[in-house]
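Think of it as A, B, C, D, E, F, G and H in the order they're written, each chain with its own count starting at 1.
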Amino acid sequence: MGKIIINIEQCKGCKLCVIFCPKQLIKLSEKLNPAGYHPAEFIDNGQCNSCGLCYQMCPDVAIEVWKGEKR
Amino acid sequence: MGKIIINIEQCKGCKLCVIFCPKQLIKLSEKLNPAGYHPAEFIDNGQCNSCGLCYQMCPDVAIEVWKGEKR
Amino acid sequence: MREEIIMAGFGGQGIMFAGTLLAHAAMEEGLNVTYFPSYGAEMRGGTANCTVIISDENIGSPVVTNPSALLAMNESSLEKFSSKVKKDGLIIVNSSLLKKEIKINDVEILKIPATELAEKLGDNKVANMVILGAYINRSKVVSLERTMDSLKKVLGEGRKNLLKLNREALKKGEENR
Amino acid sequence: MREEIIMAGFGGQGIMFAGTLLAHAAMEEGLNVTYFPSYGAEMRGGTANCTVIISDENIGSPVVTNPSALLAMNESSLEKFSSKVKKDGLIIVNSSLLKKEIKINDVEILKIPATELAEKLGDNKVANMVILGAYINRSKVVSLERTMDSLKKVLGEGRKNLLKLNREALKKGEENR
Amino acid sequence: MENRILMQGNHAVGEGGLQGGCQAYFGYPITPQNELTQYMAKRMVEERKVFIQAESELAAINMVFGASLVGARAMTTSSSPGISLKQEGISYMVGCELPGVIVNIQRGGPGLGNIAGAQGDYFQATRGGGHGDYYLIVLAPDSVQEMYDLTREAFDLADKYRNPVIVLADGILGQMLEPVKIVKKNPMSNFSAKKDWILDGCKGRKPRMVRSLLMGEGVLEEHNLKLGKKYERMRKSEVRVETDNLEDAEVALVGYGISARICKEAMEIARQKGIKVGLVRPITLWPFPEKVIAENVDRLKAFLVIEMSLGQMVEDVRLATNGKCPVYFYGRTGGGIPEVDVIVERIEKILK
Amino acid sequence: MENRILMQGNHAVGEGGLQGGCQAYFGYPITPQNELTQYMAKRMVEERKVFIQAESELAAINMVFGASLVGARAMTTSSSPGISLKQEGISYMVGCELPGVIVNIQRGGPGLGNIAGAQGDYFQATRGGGHGDYYLIVLAPDSVQEMYDLTREAFDLADKYRNPVIVLADGILGQMLEPVKIVKKNPMSNFSAKKDWILDGCKGRKPRMVRSLLMGEGVLEEHNLKLGKKYERMRKSEVRVETDNLEDAEVALVGYGISARICKEAMEIARQKGIKVGLVRPITLWPFPEKVIAENVDRLKAFLVIEMSLGQMVEDVRLATNGKCPVYFYGRTGGGIPEVDVIVERIEKILK
Amino acid sequence: MKKIFSRPESLTAKRNIYCSGCGHGIVHRLIAEVIDELGIREKTIGVAPVGCAVFAYDYWNFDVTEAAHGRPPAVATGIKRVLPDRVVFTYQGDGDLAAIGTAETVHAANRGENITIIFVNNGVYGMTGGQMAPTTLIAQKTTTTPLGRDPKIAGYPIKISEALGQLEGSVYIERVTVNSPKNTIKAKRAIKKAFQNQIQNKGFSLVEVLSMCPIAWGVNPVEALKWIEQKMIPVFPLGVIKDKDLTAKGNL
Amino acid sequence: MKKIFSRPESLTAKRNIYCSGCGHGIVHRLIAEVIDELGIREKTIGVAPVGCAVFAYDYWNFDVTEAAHGRPPAVATGIKRVLPDRVVFTYQGDGDLAAIGTAETVHAANRGENITIIFVNNGVYGMTGGQMAPTTLIAQKTTTTPLGRDPKIAGYPIKISEALGQLEGSVYIERVTVNSPKNTIKAKRAIKKAFQNQIQNKGFSLVEVLSMCPIAWGVNPVEALKWIEQKMIPVFPLGVIKDKDLTAKGNL
């Protein structure tokens, strides 16, 4: 079980996390962030395996990856 | 039959012609030239074969090589 | 007559294009004009702005600290520049991207839902033209017709296909007020 | 008291060394002194010269156009500088390498067969010391003893082996006139 | 009003160069002059002329050196840090008497500074930032129109004197758009025919050399004195200056480039207030228009020099007034822009 | 007279640097300063300090930048063309407030020029040959002794102000030998302890940065104004000048470096002839000793400036006299040396 | 739950100003992670370039200096010679390293300076507006090659890493990219080795990173990944170009 | 009798100022002979370096220009682009070409400029008094390496020709020497080819000539020949480093 937290202020909506998530758990939001980008959004359906591929590709280091049982 | 003509003003007495003449027909003069060098001297004993090796090595292009019958 | 307009917005909102267009139209009106772009500290992304000065006299510096008009395409631009607008100046703001209420003393504020209007026309990218149209209507510094002519020239042959949509957006903005 | 000496000769004739030695001795005499080397247009080969100025007053430029003394180690140096020597100045020339007759007005000319004398001492390289010795004798600007002391310092530990020969040559020159 | 084109300052420099007969352009990107290099990348190729994006500013100025010595009208452009890198090359061009046009779209300094317009390189341009005794004609446009005109003319001046010419503008002039009248003229006018010093292969003539190394006794001095006479001729013939309202002025503003435009605005406002203000705008920063300043020292109560620097041209104004009239200074540095209101205030204070 | 060593000017600079605490030397050969680089090649290694023969003058100044930013006292030396290549780097050092010592053993220019001593780089040194608004302290030795002393002190001045310092000498001073007294002193005096701005790894403190890029609105201007105050402090505290015989003089000679020595000779000859001549020898070329000149404008009939250039320092003298006393100039360029006789003649002519 | 991937200590919290999808951000992070893992944050001195990464000192949480365009290797040399026990690295773009800074790069390598260079090759001058870099591909359109780079006029994409490999002084040179998670992880390994080499006093190490510049390439961030794969890698093949460790062992 | 070897037309009668036994004089002559043989004297423009050969314009009997130290390739680029039908070559020392001029050399090669470079490698800075050059041998004593070049401080003898060979733009690179009549004749062949390449529009050619500098090496002219044989050639092996003609034919 895993999850990610996206820093919406820093995200620039590049979609690199989106295309590399093996579980397709990330999409771009409809909303604009203060810098004018559509930030990434985590679709938390319990399938995230904390693989960190999204983290590896994020040019803005806007993603944190968490692992383990939810508390 | 050949001969060489050495430009004594330009020669700097480096001896490169001396050591490469296969017939040992060149030596350094005792005299100094105006620049303070002992210039090369041709020992014309009729053995020069105009091979031009002296010419090839002269850094001062101070040697002319002639070939053919003496006139 | 002297107008000093700052246009500001996100990169990609067509600020520079709108500014150039306005400058061109003013030139064609026989006026003196300067256009000055500014990318601020951020070369990439972030906000962009430009200054257009239109005058029947000679123009000194093309940069102004206190504009007579601000055309703000988004909220951050409004925040950045609104306090600098001259007394009795004009602010036109793209209300589509505005969340907060705004209130600034001694300045006239015109809210135009430019992005929405542009989207209705088929492409939110022409929100810049909507705002510009509104400004032209308000200031009368150049005529709409002249601006339409200039549009053709500034777009040039290469972007001829965009002419119609941009014209409609200009018109829409001009009519809106 | 002010002496301006130009020493000149082929590269390799030890001009710079002799000049430095003279300067050092003058310093040890408590005089003001400057030494200035010049390689001319030709960096490599050709002639070299240096200027030594010795004075009990402050010295301005270490370069002089008209020396009071010329020490010429070869003919071309003599030709180059002899006309520049001051009226009533002194020329010491290495007559061993001199072919032409020389005659210069208003200047005292001293011919020393320095190369020959040096060769007699065992090495024609010390012809520079012979000439310098002759100059010291003539000018009395520094004493021979002081020069001998300086020689030791200027040669230093590294070239200690050359001390004796150089001393002899200096002496030879000094005695010669 | 016909025939006006809305043009960016950087582009106007490029087009001016082309109309001035520029046959070879060598550049290296740097803000705020990038559009100029980009413009040339397109236009020079269109016109089948030489364009190279060099590996550095140093390489660029030395390519100009090469192109110039074979007779081409050549140009390089950059901004402050890049111009510093060209100083050795410029000194060589002067020494070898090679024409060429160097454009500096100044930005804030020192160091990397910023990319705003500034006028901190006045000394460098007018006093020779490179080594040795030399001068260049320095042209200072104050509008996009002049960016075009002066660059075009710079090529003639360079050829006329066989000396590089600097166009000293700034980031504001480079970046702004303004209407321009494109006046074409016959480039390569009188000078190209006379280039009897170029190297282009020694066919039918003796070999030539181009060099600045002059080792024989007195040879370099002779050469420099010859160059000195050339500078004298420039001083006599090439001064350009715009003056306005000097007849009745009590205070004269002195400014060049963008600062001059601001001065003009300030002058108008002051005049509206009834203050008698005039203007001296040097168009050539070297040779500096000292005469027009010297001629007015008695009539005027003061000069007020406006610069976008800590104060550089002010020295030339002081040299020209020679103590006969007070000289005041108001400058902004690091990309700051002098303010019209402050100028007017200063004038009022001076006159109080 | 004890303890005098016969030393070459170039070597004296090197030894002065060492005694000034130089920890890192970066050079590139160029005549007439080669003996200096060679001296450091030997001595720095002996002292287990950093010596690098850089790939170019550009690399050398940037190595100085690097060594300085981690706290080392660092130096580079060159001659005119090589100094031109350092201009960008010098501007960066000023912008980043990095100390460092740059020595210019000037030769004849422009271009490759020749290898004789000259004073053609005065403008470059005192007005900033690099881009942007800045000044450096410029020290001008006139003897081998001062080559040693001033280089040694240059390191203190550089650290004191966190600004590079230039030692501006010339090929004659570099090449000549003269007796020198080696005065050792405690290098690294007060300043090294206070270097709380250096980068040496952020152990036990917050990370630091060194930079000259200041993009925010007004940030660079603020920085430059701060630097401006520093220049003001230098102007107040660091002027050095030697004067002689000014009390009763009718004409004052003004010269620096080797020219000043020639002036001294001329002064003595003139005095012997009964002509009242005095001397002003600027030791700091920037800040220029304008006060001592200004103070004497009323008493004196004229200043006569002697330079080995077409005339550069003469502008500073004119700025200082401010029209209140005539300023004459006699210069030799391209390696020529001003002649004592001519100086005396000129003085006589002035007084006629 | 446990945080397993997050901003390394050696990165500040500051939002970077790079364009959306820019490779610089990834490379910054890799360096920061390596520095964290090697425990050298407090003894590292970084040299930032003039290029899009000019503000790198804002993003890295250790000592960082600016250097004039192209001169980081000279600046790093000055630093490292004075403080040989610190870890000194430069971060340079292709314009910085392979154009204006060619001489400084070549000679730092030839001297075998014990420094680490991270060379970010994005085939353009990003910061100044997408002009041609020496590494720009043939036919690639840039603002100074509007018709595409023509080798007859503008030469070829320069393989500076290969050239540097010819120099005795260079110890380790590898070309990597960050266009996929897999490649990014490999890139990190190379960067780590380049730092380790320095710590072990082995000498000059350089890692060339093919990096995305979607804005100047005129593509979106996702297309930029493919651009690297399809256009850049064929010209700039990935892999170890030189490794003295391996040559010493006879493995290469 | 017939004169069979004598001063080529492309040399002036002027006595050169090189030291006794200096290799520059030989290389000058070879170039002059090649130019004579190719009949291009009247369309050749030479670029002289700053170095001992700075006065080359006095010795060659065709158009020659000076160039700032290290910048001949940039100057030659400017010339050749304006006058592509002229023959343009640079003559550069190892300090000029491989130290201060590294960037200009690398980029002229990378652009594939259609010029010829004659690179005279004598392992020292001759003109300025025998300082270390980038090509100075390890342990070689020079005036700036009084204890001998220590690679830890001063790096390695740079093999710039090999590095240039890695660049796509270079067409022909060969290393030769003039330390014997045989080698001199070979050197001439290489120089001729480098000029012919240009005439045939093939692109960038460079000939590195190992050349004697007896004065700075502290040996006599005859010993200098052996110095090349015994000390330099092992580090700088002679032969073709790159020849696109041959690679094209699959011969190399």
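Just so we're on the same page, a contact is a pair of C-beta atoms (placed from the backbone, for glycine too) under 8 Å apart; a residue touches a chain by one contact, two chains touch by 3 or more.
Just so it is clear, the structure is predicted and the values come from calculations on it, not from any experiment.
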Number of hops, chain D to chain G, where each hop joins two touching chains: 2
Winner on C-beta contact pairs when A-C is weighed against F-H: F-H
For chain A paired with chain B, centre-to-centre distance based on mean C-alpha positions, whole Å: 85
Interchain centroid distance [CA atoms averaged], chain E/chain H, Å: 39
Length of the line joining the C-alpha centres of chain D and chain F, rounded to whole Å: 34
Rounded Å distance between chain D and chain E, as computed from the means of their C-alpha atoms: 54
Touching two or more other chains - residues of chain B: 12
Interface hub residues of chain C, defined as touching at least two other chains: 43, 45-46
Where chain F touches two or more other chains at once, by residue number: 31, 52, 55-56, 58, 81, 88, 92, 96, 111-112, 211-213, 215
Parts of chain A lying in touch with chain C, wherever the complex brings them together: 12, 32, 34-36
Residues of chain E defined as touching chain G within the complex: 28-31, 34, 37-38, 41-42, 45, 51-53, 55-57, 81, 111-112
Partner chain C, residues of chain E touching it in the complex: 1, 4, 6, 31, 172, 175-179, 258, 261-266, 268, 337, 339-340
Chain F residues touching chain G - in the complex, by the definition given at the top: 23-24, 26, 50, 52, 54-56, 58-60, 62-72, 74, 88-89, 92, 96, 199-204, 207-213
Chain E residues within the chain F interface of the complex: 58, 80-81, 83-85, 87-88, 91-96, 106, 108-116, 118, 120-121, 123-124, 127-134, 211-215, 218-225, 228, 231, 309-310, 312, 315, 318-319, 321-324, 332-336
